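This report concerns only the one structure given below.
We call the chains A, B, C, D, E, F, G and H, going by the order they appear; numbering starts again at 1 in every chain.
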Amino acid sequence: MSIEEAVSQLSTLPYEDLGFAKPDHHRALRTGFPEVILGEGKTAEQVLSIASKLAAQAHRLLVTRVDPSCFAQMKEQLPEAVYHPLARAITINRLSHLPSRPGIMVVSGGTADLPVVEEAVVTAELMGNVVDRAYDVGVAGIHRLLDHLPQLRRARVVVVVAGMEGALPSVIGGLVAAPVIAVPTSQGYGASFGGLAPLLAMLNSCAAGVSVVNIDNGFGAGYIAALINSIGEAGEDGEEQVQP
Amino acid sequence: MSIEEAVSQLSTLPYEDLGFAKPDHHRALRTGFPEVILGEGKTAEQVLSIASKLAAQAHRLLVTRVDPSCFAQMKEQLPEAVYHPLARAITINRLSHLPSRPGIMVVSGGTADLPVVEEAVVTAELMGNVVDRAYDVGVAGIHRLLDHLPQLRRARVVVVVAGMEGALPSVIGGLVAAPVIAVPTSQGYGASFGGLAPLLAMLNSCAAGVSVVNIDNGFGAGYIAALINSIGEAGEDGEEQVQP
Amino acid sequence: MSIEEAVSQLSTLPYEDLGFAKPDHHRALRTGFPEVILGEGKTAEQVLSIASKLAAQAHRLLVTRVDPSCFAQMKEQLPEAVYHPLARAITINRLSHLPSRPGIMVVSGGTADLPVVEEAVVTAELMGNVVDRAYDVGVAGIHRLLDHLPQLRRARVVVVVAGMEGALPSVIGGLVAAPVIAVPTSQGYGASFGGLAPLLAMLNSCAAGVSVVNIDNGFGAGYIAALINSIGEAGEDGEEQVQP
Amino acid sequence: MSIEEAVSQLSTLPYEDLGFAKPDHHRALRTGFPEVILGEGKTAEQVLSIASKLAAQAHRLLVTRVDPSCFAQMKEQLPEAVYHPLARAITINRLSHLPSRPGIMVVSGGTADLPVVEEAVVTAELMGNVVDRAYDVGVAGIHRLLDHLPQLRRARVVVVVAGMEGALPSVIGGLVAAPVIAVPTSQGYGASFGGLAPLLAMLNSCAAGVSVVNIDNGFGAGYIAALINSIGEAGEDGEEQVQP
Amino acid sequence: MSIEEAVSQLSTLPYEDLGFAKPDHHRALRTGFPEVILGEGKTAEQVLSIASKLAAQAHRLLVTRVDPSCFAQMKEQLPEAVYHPLARAITINRLSHLPSRPGIMVVSGGTADLPVVEEAVVTAELMGNVVDRAYDVGVAGIHRLLDHLPQLRRARVVVVVAGMEGALPSVIGGLVAAPVIAVPTSQGYGASFGGLAPLLAMLNSCAAGVSVVNIDNGFGAGYIAALINSIGEAGEDGEEQVQP
Amino acid sequence: MSIEEAVSQLSTLPYEDLGFAKPDHHRALRTGFPEVILGEGKTAEQVLSIASKLAAQAHRLLVTRVDPSCFAQMKEQLPEAVYHPLARAITINRLSHLPSRPGIMVVSGGTADLPVVEEAVVTAELMGNVVDRAYDVGVAGIHRLLDHLPQLRRARVVVVVAGMEGALPSVIGGLVAAPVIAVPTSQGYGASFGGLAPLLAMLNSCAAGVSVVNIDNGFGAGYIAALINSIGEAGEDGEEQVQP
Amino acid sequence: MSIEEAVSQLSTLPYEDLGFAKPDHHRALRTGFPEVILGEGKTAEQVLSIASKLAAQAHRLLVTRVDPSCFAQMKEQLPEAVYHPLARAITINRLSHLPSRPGIMVVSGGTADLPVVEEAVVTAELMGNVVDRAYDVGVAGIHRLLDHLPQLRRARVVVVVAGMEGALPSVIGGLVAAPVIAVPTSQGYGASFGGLAPLLAMLNSCAAGVSVVNIDNGFGAGYIAALINSIGEAGEDGEEQVQP
Amino acid sequence: MSIEEAVSQLSTLPYEDLGFAKPDHHRALRTGFPEVILGEGKTAEQVLSIASKLAAQAHRLLVTRVDPSCFAQMKEQLPEAVYHPLARAITINRLSHLPSRPGIMVVSGGTADLPVVEEAVVTAELMGNVVDRAYDVGVAGIHRLLDHLPQLRRARVVVVVAGMEGALPSVIGGLVAAPVIAVPTSQGYGASFGGLAPLLAMLNSCAAGVSVVNIDNGFGAGYIAALINSIGEAGEDGEEQVQP
């Protein structure tokens, strides 16, 4: 059997061809969650078109980095869509019995990190999790963090969002046994260089157990936390079926 | 014979001196295609003035990175000019029997890369090629790419446009025998650093056969693909004469 | 109660003061695994001194980035120490009933990444895991990777090690539902800039579910994978007690 | 048919599993040339083992960035192996009627670029090409370059190797109609930053028709030039069969 | 006593939980000055809310990088607030007997550095200091600097603000016995790279006694200068009490 | 005599203290030309105030990087001021017998470099030079440059302005015996990184005789060219006197 | 009085001209401590020659970054010289009544930072200080740091040395009222980029009161700490006289 | 006349083709000085071969960045060759009446910059200049520099060599009317990043009249200084003839 034949069979996997985009209906089966739309860099028309195709076949939808005007247009076609202004995200959730899995804690260094934090929270919640939180517990006032230590130690996975010097994941990584997902933010100025400073700091963490996602990538952190938190669970998240 | 004498003879090669610019009428003879105008950084008046001089002596004209207001002015002087809004390019094509050479395929990783893709397509088409396409076949849903493998393997040269991590050229480079022209885009955020991430990735491709152009340089990729695709062709592209 | 009083109580937590170092005996309780020694930048005498203190109170010991001559000295004091030459690591494991937890898969892009891969494997094994492996399955010959897809989809967490353009985590991230820990390596030359190219690529992965550790940090990836893989487990890893 | 089934069929494609490496015997069919071994980062034993597997099934073999001591070991097992000391490459060529295709010209800016140049030449020759050359024609003495203009204009593809400021590809790109493959080298010091200076210069070339490979990647440039030069050819390169 | 118990005691330290922020009332006790609000990245509502909580318990308040519209809102709630337009800072000072400690001199290289300079001055003054000044004494006209040498030599600590090449701290560092706090600014263009040039220059100062803060961080420099200038003082700064 | 005494004498050198600025009237005596005002980063009021002080004591005035609205205000106070819109510069020249020294040639790579070119020309002209010019002679059409070779070889100093890959100074440096002042511009996109690409290229020029100024620093290049061109001249430039 | 006259008087300040070097005997008067020799980049002969000139006129001598072989030569000429192998420094101290000023604390993140730490300690001690210390108190085991809080709060100035992510100065800066001098070290690998990661982190510290010196610059930190610690002291350091 | 004909005439300009190199005998005519050999990156055999060809037709020879063993071989063939160990340069000078033109001053910041300084001096002397010098006059002891002000003000061109923060050219640029050629050196450590710090500082000099060459490029600075110093001279440098 030649590679051409094998590949032609792979091509029967369900995706749709809109010309400018190819919504991947099969992704929910492969990875447990439908394709997520990154709104940035796409026109409102493109977002809308992709979203309506995905929403036609999946129970849940997530669009990130999208502004309110795009949401206004989507609301007309998909009235169940919800906009999260701080996170700049749109969600749809049609699962009637959403599992409410505890285990994720999201921690942030400062108030200015909130949009990134909220993107992580919206993502993790849509994926069936109840999210515990502690905001503005940066290392310059470390007693505020220590005050949340019992919560931190109960978490199965911790998302830590921080800009400036990005020290918080290292401190937390040394206090807990759970894996830490570190999210550098572009908060800061001068030698922050758009978030390079906390990014490098987090990659060089002296605490074992810390892995890192892109600058300002709250979505990625929430997504990974949800994947980790679903390990060892018997139940399903509900996106098990794709309607061809 | 001194270098001054030799050089004075070289100076008889046709170009025009507008003071602020020197349209190079001889380029079509040397390189097979007339001088292309990079609109960015030039005033509309400068673009117009250069374009009208070039259009007076060549069958084809290409202006890249130019906005609609500049086109509106040009349309008055050069009514045959066409604007490609997605590519932000202006073209003129007076060749009556445009060759329609197959062989170029343009592939893109995501929907947000479309403006760069279209610049490549507009360029290659103006240079006499029929362009095969596959958009939004990024590596996160690799079956979408594999579905286009037969097309890919028919191509004589493949242009691959991708932002984010820029992985697509490596995957395609390992699947085809044709040369791959990789175009990193500035799509992405944070540690993309304006396209640095996919640029470095493409330069380090583990697949042989991949060469790279500047970030967002769809024009360059389309141009090189056209040069490669014309190799071994008996016919001419039609720009053989410069009218002095 | 003042902060001075509170802190004086914290100081009763067990650690030892060697002057140049303070082995942290309490870490096993806080994070589930004893302190790990980074050999690089320390003299053999320092490594030895810290190791013997830690080994006196814990069941397991891990030293990374350490050369054979240091191991030779340690072997005399701690005869149960084992050297892993490819990984450049020393381990001691006194747990009689080591749990053998499946669920971790380690994948590498090329042969030259092996030292980093082995550091991840040695770490994960010492932490009680049986590690599944697929080496040299880089994206330039993607059928080699697809051949391991059944294994990949069985894994609860996947460690992906790659140098050059660092594309492998994105491809795998789009194929599996498990979290992916990506490890960029310094393998490559020129515009790899010591591993910067794959690091940036992995941070910009278009596949959700990918988080990243430092360049060449096999230890960190193996450690995080072990943390994740132990989630939802009833049993203990065996390091539950610190003997004061 | 599920993706698992389709992929299991893909897995019948021939490759060998040495544990630490997976020589890809099918690559010659897919891409027209057998897998090439990058010697750097591999032990001599690893290179030897992979080379003997590949040489058992293909007519040609190429190992790059490999030192003489590794070659000495290989010579015992594969007596037909040839070492190219300047290029630091090993080749085997068993094709009796090697096609001798003209069309590639390799140009270099300075004497110190020779090792990179020779890697390009060795690669292109093994792939069936006769290579035309012009060395040390850097832009500081541009008459030396102009002296080779007739040769340059005959070429179907030009490889240009340059360190320092990397200006040569732009000058040549403006003089010829053939595609130019630019290779920046790490020759230079100070603000060359290991070849970053010519790399950036080549990516920003004001001449259309220039694409770029990694710093010092003579192999890549020679390989791409050979791919381009074989376009439109009726004959075959001779690697058409893989003996299972 | 477990770490959980110790930490629960630490948590009695006074801070307030606004959800999105946790004003740290205890900081004045720990560090001698109340928490300072970085306005950048926060909404006006967030700044206002935090400011009113802090102002309820401390004698002084400092908000940096805040625009006039935010101040207009704050003025309504906190009528004693003062806006410093050049420094873009808000201050409140309720200490009746503000100490007027001499010893700090602030020097700037050019007129364009003034906003950063003023941020340093406003900070140091609020912390009880009388600030001596010499503006626009850049090294291109070094007699202007030398003219201020007597003042410079009287200072106990010198803040030096400079953009462009950042040479001023080195020259001053060689002339005085006082510690020099160097502040690079983003003034400049091109290869200044947003202040990277003076930042690196100041870090590499050949004069001993120079330490550096972030680009444009006038606040940080003024704060450190005030800390240094209060060394050896018998009197108090007045923020000794936190009203729970 | 102590350093304090010596320095107090230096302080009698004439400069004025405006508080926010210290116009350096003595500079004309030290360096042959009055202090030049960099408009960028200063308010219109500051520019005006400094300009009127300098203009009160010198025959010539130069303000760079200043916008038309600032000029409009200045025109009221200093009616002889002239605005150069392309160069974004203001000049005053009261020298009745301006020397007209030939010897400087300014060359540019492309039309988009014109603002930088004009800043160099305005500067050199104000300093008493007649400037020869050749614009848009980039290396992609090198015959346009060779056409100006006789002019180039007559020049005593050549200013070369180029963006993109910055190759032009190297080509010219190999053709002439005069020193070349290279000015990289921020023209370009993607991997130009704001002019970093041509800056590095020019610093690595393989032609001896090339020195470099900051990105877009036309003023600096024109100034240095004027300094060089005045070497060996008997006459004076006319700024010999400062009226105290 | 002309600038030439004023400057000729400045030239009477004592320094010596060795041709290749100009030891600055006056520096002790200006800055309170004799010139310090940076050994790196100088030949042993140069170090020796400068050292003997300085030692002839000052009570104390400090040479940094110097290897044992250079010390061996110096010992013959200057028998009172002492070598500090860990710090790689040479000192001479002839002051009979060395002041023993408490107030400086030096803290380090890890054992591998010791050479930098010791350079700081040797410097501060030679300048008359008794140095309090806490080594290996990195943030991954923060109770080790908290254990030293009473010491930390007694310090008048704190030097914090850390590699990896450089988080320690921020944590300490939030706990103490003393100024913190942060020293990033090159300890680490991969994305540490030679100490860039902790350098950027420290510059972006969210704790006020932190200023930064060059990577690995223990000398600079010790020197600044000594300057700060001597503020408000009545007594003298003993280097008050230069013997002409 | 076609470009091919014109170019064939250019090809009669004298250069020699050694295969690996093309010594450019015509350069002395075009640029006033024979081709200079950069030794770095070339084998001793290559250097020797090029040198003997150049020395056969020119009165002077310069080889830079070459080690003593290469010189030892050259001495046998070209006994008049002289080695300058500090500068690592080889020179030959057969001009009997070497002009001794005053006007160049070379200034250095520190002793460790001497190799770069000497390369500049050797170059300028070979080109007919008497070089005035002031070494180790860095800005930390600025009276040492001021002491040389009379010399500085007599110079027609000043070469300033400095590592560390690279502040010296700015200070000198503000004191003299002559053009300043700034040479950053790689002396320094940490955030010097191989000379990047002084390079950026010099490019951003606030003093007009400063242009910059590559890091450690003493040769380039000496060469440019000689070009500038020969402006306005009636006499010739003696390399007027090339013997074909």
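Heads up, the rule we're going with is that a residue touches a chain if its C-beta (ideal position, glycine included) is under 8 Å from a C-beta of that chain, and two chains touch if they have at least 3 such contacts.
No experiment lies behind these values; they were computed from the predicted model shown.
K.L.:
Do the two copies subunit C and subunit D share over half of their interface residue numbers, or under half; same or different?
P.N.:
Both copies touch with mostly different residues.
K.L.:
Starting from the Cα centroid of subunit D, hunt down the chain whose centroid lies farthest away.
P.N.:
Here the answer is chain E, farthest from subunit D.
K.L.:
Can you grab the rotation angle between subunit A and subunit E? Superpose on CA, round to the nearest 5°.
P.N.:
The superposition gives an angle of 90 degrees.
K.L.:
So, what's the distance in Å between the C-alpha centres of subunit H and subunit F?
P.N.:
25
K.L.:
From the C-alpha centre of subunit G to that of subunit H, how far is it in Å?
P.N.:
37
K.L.:
Mind checking the centre-to-centre distance between subunit B and subunit H? Centres are C-alpha means, answer in whole Å.
P.N.:
42
K.L.:
List the centre-to-centre spacing of subunit D and subunit G in whole Å, with centres computed as mean CA coordinates.
P.N.:
52
K.L.:
Of all residues in subunit E, which are in touch with two or more distinct other chains?
P.N.:
Within subunit E, residues 3, 7, 10, 13, 26-27, 30, 110, 140-141, 143, 173-175, 190-193, 196, 199, 203-204, 208, 214-215 contact more than one other chain.
K.L.:
Under the definition above, what is the set of subunit D residues touching subunit B in their complex?
P.N.:
It comes out as residues 3, 27, 30-33, 36, 143, 156-157, 173-179, 181, 199, 203-204, 208-215, 219-221, 223-224, 227-229, 231-233.
K.L.:
What residues of subunit G sit close enough to touch subunit C in their complex?
P.N.:
110-112, 114, 135-137, 140-141, 143-144, 146-147, 149-150, 153, 163, 187, 189-193
K.L.:
Which residues of subunit F touch subunit E in the complex?
P.N.:
Of all residues in subunit F, those touching subunit E are 3-4, 7-8, 10-11, 13, 15, 19-22, 24, 26-27, 35, 38, 40-42, 46, 50, 65, 184, 186, 194-196, 199, 214-217.
K.L.:
Flag every residue of subunit D that touches subunit F in the complex, lowest number first.
P.N.:
So the residues of subunit D in touch with subunit F come to 109-110, 138-142, 164-167, 170-171, 173-175, 188, 190-193, 196-198, 200-208.
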